[in-house]
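First subunit A sits with subunit B, and in the next complex the same chain sits with subunit C.
Coming up: the complex of A and B.
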């Protein structure tokens, strides 16, 4: 029950790779800032291999800012900042990968 | 791998001197230790570089973090873990490190995350 956040692009940083190594069932992964590039369909094979028990989120404001609205893997739920706050409350622990 | 219920896990993922993160992490750990909070340290990715011997920072005018890390056991901080794949991809043998560490594979890292009461991300 850990909320993991990644804020770096998978193309320039190993943050996402390190995170994927430690994700457990019932954890959640939220991509923010440049991390949202990993939600792109083109990169989805990395994240779509994750089991169904791991929920994947991406932050709307960062997606829109980067023009990724129509490029996202359907595996990711697009959430707004208010929902981000709810996630931080829902998950007792957060591990930030930056 | 004994971790108490309300154990704080500090995840150390940066090299010692490329930026201030490792120094800030050590300051946070020392402060928590001074308040006798139960701490575990997990070194992974470039964080394992913080544990290499023979660090001589005189030439870059930086505080030698490797002089402070071995002091932690005196503050009752004694649970040091390193991630196996981070060591392997950097050709580092855990025996050469400046702290006595327990090497964890990725499954054991997941257990450590799950068992810890809270996480400090560095």
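Coming up: the complex of A and C.
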């Protein structure tokens, strides 16, 4: 059970690709900073193809800052900073991709 | 829970210092203990007291300093990364015969051992990459 965070846009970096290759069932993926662009429903086919056992989150402050509120894939849950802290507690390990 | 925070990005070139600041604040508000905040690589720029951003931009150096003072945070800056980027405390300025020092109040220069110690002593270590 690992919480993975990705902070780079899939258009400028292969962070997300590297992360997706290592994701296991029961892991969670949280997109932060420019990473949130991967939750855009026009580009989310890769993340939407992941199994339902993998939970997908996106950080609200970064979604709002980029105006993506109405463009998000329905697979993603939007969470605030407090919930980000909760996830780090819930998952025994956090892996940051940057 | 006991958490440590690792910051790799500079306040200007990356969002890391800002995201880590919000995370740390949220963790403190939830009652968690922050064992240490460790600034590494370009992250050390947050510890310069001379950063003077324009008024309409976030002043992350001041924000971190204030948060550190409020919660008595152990904010450690990698000494090797800091010295080569011109972030010095009075002791290092004297040792290297520099004319000034600029390490912001509340930050301490120390070695990578402090990062290892944080990863061993904390329940969680969260990395904010550049």
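We adopt the following convention: the second predicted complex is superposed on the first by the 98 of 98 C-alpha atoms of A that agree within 3 Å, B and C clash if a C-alpha of one lies under 4 Å from a C-alpha of the other, contacts with A are read in each partner's own complex, and residues count from 1 in each chain.
Rule of thumb we're sticking to: a residue touches a chain if its C-beta (ideal position, glycine included) is under 8 Å from a C-beta of that chain, and two chains touch if they have at least 3 such contacts.
Because the structure is a prediction, the values reported are computed rather than measured.
Asker: Determine, for the superposed arrangement built on subunit A, whether subunit B and subunit C clash or fit.
Answerer: fit
Asker: Check whether subunit B or subunit C contacts more residues of subunit A in the superposed model.
Answerer: So, of the two partners, C touches more residues of subunit A.
Asker: Determine, under the contact definition given at the top, whether A:44 touches first (subunit B), second (subunit C), both, or neither.
Answerer: In the superposed model, A:44 contacts neither subunit B nor subunit C.
Asker: Quick check on the superposed pair: does A:94 touch subunit B, subunit C, both, or neither? Answer first, second, both or neither.
Answerer: Both partners, subunit B and subunit C.
Asker: Look at A:61 in the shared chain and tell me whether it touches subunit B only, subunit C only, both, or neither; answer first, second, both or neither.
Answerer: second
Asker: Look at A:19 in the shared chain and tell me whether it touches subunit B only, subunit C only, both, or neither; answer first, second, both or neither.
Answerer: Neither partner.
Asker: Under the stated touch criterion, which partner chain does A:33 make contact with: subunit B (first), subunit C (second), both, or neither?
Answerer: second
Asker: Identify the partner contact of A:2: answer first if only subunit B is touched, second if only subunit C is, both if each is, neither if none is.
Answerer: Only subunit B is touched by A:2; subunit C is not.
Asker: Consider the C-alpha centres of subunit B and subunit C from the C-alpha centre of subunit A, and write down the angle between them to the nearest 10 degrees.
Answerer: One gets 60 degrees for this angle.
Asker: State whether A:84 touches subunit B only (first), subunit C only (second), both chains, or neither.
Answerer: In the superposition, A:84 contacts subunit C only.
Asker: Looking at the superposed set of three chains, what is the minimum CA distance between subunit B and subunit C in Å?
Answerer: 6
Asker: Please write out, lowest number first, the residues of subunit A touched by both subunit B and subunit C across the two complexes.
Answerer: 94, 96-98
Asker: Which residues of subunit A touch subunit B in their complex?
Answerer: Touching subunit B: residues 1-2, 14, 18, 21-24, 93-98 of subunit A.
Asker: If we count contacts the way the header does, which residues on subunit A are in touch with subunit C in the complex?
Answerer: 7, 32-34, 61-62, 80-82, 84-86, 88-89, 94, 96-98
Asker: Across the complex, what residues on subunit C touch subunit A?
Answerer: Interface residues on the subunit C side: 1, 3, 8, 15-16, 19, 22-23, 25-27, 29-30, 32, 124-130.
Asker: So in the complex, which bits of subunit B are touching subunit A?
Answerer: Against subunit A, the touching part of subunit B is residues 11, 13, 44-45, 83, 85, 106, 109-110, 113-114, 116-119, 121.
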